[in-house]
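Structures given as structure tokens follow.
Look for chain A in each of the two complexes below; its partner is chain B in the first and chain C in the second.
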Partner chain A sequence: MTTPASPRLKAQRRAGLLLTAPAIVALVLLVLLPSSAVIILSLTDYQLGNTQAAFVGFANYRTIAADPDFRHSVRNTLVFVGLVVPGSIIPGLLFALLIEGRTRFKSVYRTAFFLPVTATLVAMSTAWEVLLHPTFGLVNTLLFAAGADKLRFLSNPGIALYAIAGIGIWKQIGFNVVLFLAGLSTIPRELYEAASLDGAEGGWRRYLLVTGPALAPVMLFVTIITTIRAFSEFDTVAVLTDGGPVHSTSVVLFVLYEEAFRYLKIGTGSAIAVMFLMFIALLSLVQTRLAGRARHV
Partner chain B sequence: MSERLRSIAANAVLAGASLIMVLPFLWMAMASMAPQGEIFSGAIFLKPSLQAAWGNYAFAFSRAPLLRYMANGVIVCVAIIVCQVAIAAPAGYALAKLPFRGRPVVFAAIVLGLMIPIQVPAIPLYIGLAYAGLLDTYTGLVLPFIISGFAIFLFRQFFTSFPDDVIDAARLDGFSELSIVRRLMLPAAWPAVAAFAVFSFVANWNDLYWPLVVITRPEMMTPPLGLAAFRASGDSAGNVGALMAGGIVITLPLVIVFSTIQKQFIRGMAAPAAPAPAAPAPASQASASPAPSSR
Partner chain C sequence: MPPSSIEIDAISKRFGRHQALNAMSLAVRAGEFMSILGPSGCGKSTLLRLIAGLDDPDSGEIRVAGQPGKRPGKRRLGDRGVAFVFQTYALYPNLSGYDNIAAPLVMRELNGFERLPGARLLPAVARKRRSIDSRVRAIAELLQVAPWLTRKPGQLSGGQRQRIALGRALVREPSLFLLDEPFANLDAALRHQTRAELTALQKRLGTTTLFVTHDQSEAMAMSDRVAVMFEGAIRQVATPDELYRNPVDLDVARFLSQPHLNCLPAKVILDGHVLIGGEHVALADARQPGTEGIVGFRPEHATLRPRPASATVPGTLPGVVERIEHAGADVFVFVRLLAPDTTCTIRAASHEMSRWAPGTPCAVALDAASGWFFPRRPMQTAALGRTEVAAA
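Let's turn to the complex of A and B:
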């Protein structure tokens, strides 16, 4: 860089502040301030409409920790995450590898897997509800044809969460296939040629030697984003089951929504929001730490 | 295993998986055109009929203001994108090209903000909007999303590779920093803008959480909220065909549009990752004719 005249540098500095000002103001007012406020609210007994509130320490946190409905929702969320994360990443990678290896129909497959990524989940959930209908749903028709009993997927408390997780996997597989395909397309061909010179001709050895390591940053990105999305499950539950039957599908964000916006319990709702934030922050921290080692995706 | 056999096996697996991927969509389309009796029969293929299709779509449009929902969705999404780009482009340029004090702090704050999901600031935002009388308004739907850390990130990355001498030449021609953003940077960043716009549109069109929080009046509902309300109302009870017709109406236009521009969308999705393509525009051209050619 040339040594700039001092007034010009000054002008650039001023312009820099001026051009970032709208972003800073919006960020502070719409994200950072409300996010700090939610921490404060979680320590008070504030009620909507009140002009004052008392500091109650960690009472709200103790209340939700002792609340069986909340504990149940944490368990449900963990089950949901435990199903959706491996259930969408492993097949997602497999399908992406298979698609990448095709010469024909590649774009047909890509479009099919892309569909759930953009389709409105609320609409797709209502379609799944019909497909899973206990009497005339296609899934039950097929089960019956295969000699199995028909299942009340969304109204049996024993299996409703698995049905919701199935929809979650369906949605997330497409997303992951698209990301893996984007990652695979950046792997240089020469790496494969070098690997085959070294005698790694077969699929597995090729994967272990070239694809796996080259795809590691994408794998990290996909794992973190899938985990965050699975923890943020809301739409399907809100639309199809309303957390039921008997709380069997109520997940953390659904309880947060009910607590804060249906029952207007601001204090306990805020406490759940803070715990959700801490969890997301932890995941993001893990990601940045790990990504520091690997090349960022 | 021979190459041919492997290829057949792979295609079989992918065809099966693809069918499951498109199944809810196919089913929705079929059911939206089928008579009630056909849907309840549990048949695998539903025989469509023109009469049934007309009945289902007419019922859906008469009982749920679907066009109003769609118009709301377009208004909200476009307003959000315009605000996001208007705020993010200058900020991205400043972070990439202008040496101002506190730049690392600003950048760190933006990255931090990027990680916070809407559910966290939602309660204070809701209280604030309630006091401001902005519940059940477009402003209430748009406001929380006008700042996109992702967009700033994307623009900063794109602008970093823009040649400095072109910017200096524009300055010598008397361009202010803001007009450099407007007339030099944004046109050059068109691919990034397009990728981001598509990504943002899909995310906000499909969002259920925030509209559910701030909207109660039917005429202000966005497409997903409106469809959820239609499903929950007595109107659609038992009328599966009409409900499916509603689903098709709010999903089909976007799916068609976005499936044809997959590439931009994927670029937006994987953007924080992918190396930014260098912005062209030779220096001589920029200083000779400051107004960039419109594309």
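Let's turn to the complex of A and C:
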């Protein structure tokens, strides 16, 4: 059956294809091809510099799963995520609520909180190294002044991961504050006024009645972003501790980096990358599903 | 709660450089339906917000049921028996219609623990929930919103949302009911229907009601009394009929005579007689010979008479028909007066339309008992429209 609209429809399809072509090309070149390459490499024993590789099946995956260092890095990553996600979301929300409640210096606070997001992370990591320095670092000077013992933040295996997590929180909190502020600014003032007349004048009652529900979509987005970023932590570890001391700050992506580029074992590195990719994809899927449900209820 | 009276005593409120309310006073009787009528920006919404306690006046006092509204320390708005309906309705978007209506009861009668979903299992909480439920159902019945209780505001039409908002306001049986242009977002048919329903509801509940609007027909149709506001102050408080017959000044007359009020510069020559553009015209309202001012009259307060082309009819204003507008049962005839050189709008029955073709000479005969004379005050010169100033 032909309809008079069909040539127009065809033209529309062609235009659509044409318009999405640049994005499709970029997606294929930058995401799909490299990902496929990584998946293929993860099934070989390829080493960087070699001219040939042999197919080894799932041997790389089995090796990694049995590797105590990798398991340790998974544990470290989970601890890191467990600290950074609530540590940057809950105070981020509190700061946003406090800033939103102010009438003056709002933009100053907003800028101050957003700075870590825009700053170069390697440079910032170096600044943190200075701050946390065992002898002349500002943090230790303050600790000393307060009468506490100085701490070797980055070289004590019992503390280093928490120090890294602290820096991770610092990196993420400003981003979350700004997102929450944006969410808060969309809540109509009348809603708060209605709430105060309905007996929810402020505090927790008002939060539960108005602010919380209105922020739910932002909260979900922030949680997804923060979780993915926390799982992808690498640069602070690489710059400040190099995974040490004694693997205490070695996170999954750091192990991946070591396997692939320090020991040149591309096969095992790729296997880690594939597992990581699948995990993140699964996580995003679950979270967007939850998001979809929250929106439609 | 029994209906509250309100006494507003010389309150002022300033926002930056804008004086929203200027030492204004107003008394509302318990159980009364009063409209606050005025053009946008006259401070009527500010007044309502101050009464509700959403803002504090800079000076002056508001007493609701004899109690001063301004209290030192923390204000607990929810404890006052004041309900407010916002122009935008301000419904909680995440809650169903039912939960929106129940919100004021849940928030005031249940504590944080009792509001938890599982707390219903406790007999004491279940009892409270049942009591809330019966009141929500009763209000839903009254406002005929029962079919929409399960839906969220986003799934409701403007009229349905508006009813839910009314339900949320009425469910806790307020002693004072404040409405800020609640019909502004409804279409014309729904507005008329809701108008009648709200009036009937108010009569039934007897709650003191303050209704802010810029629509004079709305105010006239619904209110026991209307307070007309201009520039942050009350000009006149009167019953709709009194307001229609005896507006206190030109601004009020003009605002209540939309779309047309005829304004002609005039001078009192005798008690009961004015001089308009060289013609002696009888006007009962004219006092104090020698006073200059403005004669105002509505289109329905004058009649058109035929006039020979080059003559005048004593006691009437000569003119020529400029154009004519059909308005159903009536027509509005726009007459260009010979002196002063301005246009008057006169109402005539629509079957007379053929008599007043454009270009026809005619004479405007004022109804001496209904027109008004407003002596000129320096302030009013500024308030005059451009045509009248030019004509004067």
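Keep this in mind: the second predicted complex is superposed on the first by the 276 of 297 C-alpha atoms of A that agree within 3 Å, B and C clash if a C-alpha of one lies under 4 Å from a C-alpha of the other, contacts with A are read in each partner's own complex, and residues count from 1 in each chain.
To be clear about the criterion, contacts are C-beta pairs under 8 Å (C-beta built on N, C-alpha and C of every residue); 3 or more make two chains touch, one makes a residue touch a chain.
Everything quoted here is computed from the prediction, not taken from an experiment.
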A:W204 touches, of chain B and chain C: first, second, both or neither? second
Partner chain(s) touched by A:P213 [first = chain B, second = chain C, both, neither]: second
Which of chain B and chain C A:I159 touches, first, second, both or neither: neither
Partner chain in contact with A:V56 - chain B first, chain C second, else both or neither: neither
First (chain B), second (chain C), both or neither touched by A:V74: neither
Partner chain(s) touched by A:A119 [first = chain B, second = chain C, both, neither]: first
Broader residue contact with chain A after superposition on the shared chain, chain B or chain C: B
Which superposed partner A:E190 touches (first chain B, second chain C, both, neither): second
Touched partner set for A:A291, first chain B, second chain C, both or neither: neither
Footprint overlap on chain A, comparing chain B with chain C: none
In the complex, chain A residues that touch chain C: 188, 190-191, 193-201, 204-205, 208-210, 213-214, 216
Chain B - residues contacting chain A, complex: 7, 10-11, 13-14, 17-25, 27-28, 31, 39-44, 86-88, 90-91, 93-95, 98-103, 106, 109-110, 112-113, 115-117, 119-128, 130, 143-144, 146-147, 149, 152, 164, 171, 176-178, 181, 202, 205-206, 208-209, 212-213, 223-225, 227-228, 231, 240, 243-244, 246-248, 250-251, 254-255, 258-259, 262, 265-266, 269-270, 272-274
Chain C residues touching chain A - in the complex, by the definition given at the top: 52, 54, 74-79, 82-84, 86, 88, 90-95, 103-104, 107-108, 112, 115, 168
List of chain A residues in touch with chain B within their complex: 1, 8-9, 11-20, 22-24, 26-27, 30-35, 37-38, 41, 48, 91, 95, 98-99, 101-102, 105, 108-124, 126-128, 130-131, 135-138, 140-142, 170, 173-174, 178-179, 181-183, 186, 217-218, 221, 228, 232, 234-235, 238-239, 253, 256-257, 260-261, 266, 269-270, 273-274, 276-277, 280-281, 284, 296-297
